[in-house]
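Going by the order they are written in, the chains are A, B, C and D; count residues from 1 in each one.
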Amino acid sequence: MSATRAGFIGLGKMGRPMALNIHKAGFPLTVANRSQAVVADLASHGATAAATPAEVAAHADLICLCLPMPAHVEEVVLGPNGVIEGIRPGAIVVDFSTIGPSTCRLVAERLKAKGAQYIDAPVSGGTTGAVAGTLTVMVGGDQDAYDRALPLLQSVGRKIVHAGPVGAGAVVKLMNQLLVAINLAGAAEAMVLGTKAGVDPTLLYETIASATGNSFQMARNFPDLILKGKFDPMFSVNLLHKDVALAVDVGREQHVRLLLSALVQQIFAEARDAGHGDEDIAAVIRPLEKLAGTEVRAR
Amino acid sequence: MSATRAGFIGLGKMGRPMALNIHKAGFPLTVANRSQAVVADLASHGATAAATPAEVAAHADLICLCLPMPAHVEEVVLGPNGVIEGIRPGAIVVDFSTIGPSTCRLVAERLKAKGAQYIDAPVSGGTTGAVAGTLTVMVGGDQDAYDRALPLLQSVGRKIVHAGPVGAGAVVKLMNQLLVAINLAGAAEAMVLGTKAGVDPTLLYETIASATGNSFQMARNFPDLILKGKFDPMFSVNLLHKDVALAVDVGREQHVRLLLSALVQQIFAEARDAGHGDEDIAAVIRPLEKLAGTEVRAR
Amino acid sequence: MSATRAGFIGLGKMGRPMALNIHKAGFPLTVANRSQAVVADLASHGATAAATPAEVAAHADLICLCLPMPAHVEEVVLGPNGVIEGIRPGAIVVDFSTIGPSTCRLVAERLKAKGAQYIDAPVSGGTTGAVAGTLTVMVGGDQDAYDRALPLLQSVGRKIVHAGPVGAGAVVKLMNQLLVAINLAGAAEAMVLGTKAGVDPTLLYETIASATGNSFQMARNFPDLILKGKFDPMFSVNLLHKDVALAVDVGREQHVRLLLSALVQQIFAEARDAGHGDEDIAAVIRPLEKLAGTEVRAR
Amino acid sequence: MSATRAGFIGLGKMGRPMALNIHKAGFPLTVANRSQAVVADLASHGATAAATPAEVAAHADLICLCLPMPAHVEEVVLGPNGVIEGIRPGAIVVDFSTIGPSTCRLVAERLKAKGAQYIDAPVSGGTTGAVAGTLTVMVGGDQDAYDRALPLLQSVGRKIVHAGPVGAGAVVKLMNQLLVAINLAGAAEAMVLGTKAGVDPTLLYETIASATGNSFQMARNFPDLILKGKFDPMFSVNLLHKDVALAVDVGREQHVRLLLSALVQQIFAEARDAGHGDEDIAAVIRPLEKLAGTEVRAR
């Protein structure tokens, strides 16, 4: 059993299996969560339940977060009963949440005043990767903090990338998400048009997938989801829209004009506003199908 | 040696090696081209030189075209001394050019009046694939014409897809090109932003390339071209801009709203107007780099 | 009565009142139209009915056209029984249609071979201006042709602008239409957002209309149409979409990157595809209202 | 002389003349500003100089703000030595700054806890209107606060609009600014294209300005600025970019898809990144001119 004690706040679809993998790897684990059911569940696996983020922080060397929005991270770390109230000098906040680099730097600055450190460590790989412990982890933070957190990171991920100082992990993750959105929305547009123009959607998909227009998102979204008319959420339109919005915010902060990115943000907003926010990102194609009067389904 | 006689008009970067492969496969070959040097060259390999498209048509059962723009196809087939003046009943025009489906249908209609047929057969795979005979060929046309042309198509390509009636090959090719443009321009945007935000470009590329934001165009354009600052044309900005414009025209004909496609057409226009029209498509990143004041180069 | 004889082909919503004004101004008038009812109607007012465009051309010094699309102009002038078959040396085609400058130049070139001239003379001012004879006419063509056509132009319009050589009138008209589309679609976006954010639509309209965000299209579309929920066609979404598409084509020909223009073309395509193509251009706001779940109506 | 005492914080290009007009109208005036020179100047006109926002607040019934960015408002009101530290129950913060409605509501909420009120009162009309006291003022806030502030508002503006509760004034102002940006950038695009296509820019401007494509921004930007090649800042690209970004943020908060707005934000970012951030908003045309290789100047 590791001497390093871990904490985990945010036991959602991603956080719960990640926390379990950390626990299985031998890290003593204290957890907290807004909903208490999952806390009890983790406790039944041997974790210690805490009432507040501050209490988690008081009992951990590495305090992991996995929260949906920047505002949640700010609240859980800096708010009342937040991590910052319990954290001890030398501890490290390991933030698996996908948030913007400016929030990362703000939180890191505040923790530094307590003698603690912060690394942003957003992940890629979905719930499947979270369960299997095969996530890609993109890390921003000081080298020594990275080194100390590495064994824990390796318990949740297979590929761990140290991208640079605080915020760099967030930037890499957000740039990846931008391309998820662009490649997917682009494929949706081309597949709807090709189908409306009379080509069989499966043939169209297979030809492009074997040619120069291929992308990871083609394979993820068409054969098993769109072509079958399945839009059950693995990763929702709302969550990707949030990521894209954060990426576009990076462009605003960095003074970089973003054309496709700004537009794709609105395309996911369209899918959300048309009622598909809680469906899988594949559903971004649905407003396009409706407008074109054609469906991209296997025949 | 095949009894089927072939003709080839348009002996450019793609057409010349394709014509050679057809000849090597045993098809007696008659050729014509605007520039005569390459005609003489082909003749030295055993092809028969013709003075006009009409003359090529008079000596061939399968008349291949590989021309840059729809206007060239219209001129070579329907113009003075065009294919239509020499073509014989039962012959087939095999059009490897990337043009729009409406031009395909127009030309097919006119040839039908002469008792001849037309198949659109645009290719993917670049000059490398043209030389190696490993192109992907996307075919639109009647089944019997497709069947008769298949042996010739197999002499230039490895994957031959019969996509549907006349124009369907063009649609598949154009949809692929749309995604080439969107995936590449999207990657350019994200890579410029991530680099400006302080992440090492090579690390950024490698992380995204192994994650869910990956695309064929990432691998094609970053390691060997953009990260090394090389923009020598394999496939030029001008040609991809043309393809995207044709794809957007399909959207206009089919009454399909196209957001990312319409924008990416203008992004390639920007690269062209900034002086990069004859450079490789990777150069679409250069106006973005200039505006952001950062270059996405390996360090 | 003028010695100059006029012809008029295309007696639609705009053409009919324009032809009547030309007739009232004293020009002997020969007319033709696809639908014969309106020809009979004009004949009852004293015009001479002709069976074909060629026949109109044979009896006129100034042959006016007012047709919906470039393809109609090509067909009526260059097609079978077209103007070009009847036109005499020295005659002038006065084209009130809104078409692209490249079509203007093509037609002018062909007429020149017959010793005839062409001026593009698209109009602005709607059916109200057409009836009142108060249109703005934007003219492209040689000075002498312009001078000879001027009295006729003055019978249909109040402001006649000689914009330059053949095609220049078309360019001015299309640039105006581009701004009609952008200013209107922009206003629609801002009014929907402001209304969704809780501001009374009438107050919002009146404040912007008296401030720096005002445009001609604000006044045209909000008080009498959108705020009252009226979308009866005065000028339809389909027609403006056509104009914008032609303007974007000018950008392609001229190698000018167009961002807002390319996007607004798709926004009008969206309105058309959502079923509002035959409604007034004000209906461009309807898909935005539906998506936002709010209506910009006076309360 | 009014019994109501005024305070003013933020004596920039707009704030200084507005403060002078309030003073001239008879309101006893206490002022503060980051730069002290202008404070001394106002003092020489009879105003009382204060060292901090808190001190201004302690001496005023109506505390006016005119600050560039939301962060400045938050700092001046809520930060150390901020207005909130000195404000007394019953006082009203009158915020002339152009900021987002969410910041307005946040600040209002915090002031309410002190028994004070907040109205957002952004203005339109530029420095000319600020000097002349003829601004348009768009007000959000409770009716009683509006009523009490009205005499002061009338000393700076001619048209005072009560748009609704706190934040409504901000929404109206931002929607207006969105249309300033869209109408101007649209006009820039059309004028560059028309000029490149060969039409004289002055003729093109004058024709559109008298037709249906006209907008307030046409008249503001072309005759005196762009056509003369003058880009001296009256209202800068940077400031309008900020306003548009805030308007697009309203879209994000309200769940309204924004296509033209999102794009025009990037078009102003382009002008900024190309080095025109401190020039007048008319300079948004300059990157377009450069790319097209043509200038829209009177000949």
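Just so it is clear, a residue touches a chain if its C-beta (ideal position, glycine included) is under 8 Å from a C-beta of that chain, and two chains touch if they have at least 3 such contacts.
The structure presented is a predicted model; accordingly, all values stated were derived computationally and were not measured.
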Topological distance between subunit A and subunit D, in contact steps: 1
Copies subunit C and subunit B - interface residue numbers shared by over half, same or different: same
Between A-C and A-B, the pair with more C-beta contacts: A-B
Centre-of-Cα separation between subunit C and subunit A, whole angstrom: 52
Between subunit B and subunit C, centroid-to-centroid distance (C-alpha), Å: 38
CA centroid of subunit A to CA centroid of subunit B, Å: 38
Where subunit B touches two or more other chains, by residue: 251, 255-259, 263, 270, 273, 291-292
Interface residues, subunit A side, partner subunit B - complex: 101, 124, 136, 138, 159, 161, 163-165, 167-168, 171-172, 175-180, 182-183, 185-187, 189-194, 196-200, 203-204, 207-208, 210-218, 220, 247, 250-251, 254-261, 263-264, 267, 288, 291-292
Residues of subunit C defined as touching subunit A within the complex: 259, 270, 273-274, 291-293
In the complex, subunit C residues that touch subunit B: 245, 251-252, 255-259, 262-263, 265-266, 269-270, 272-273
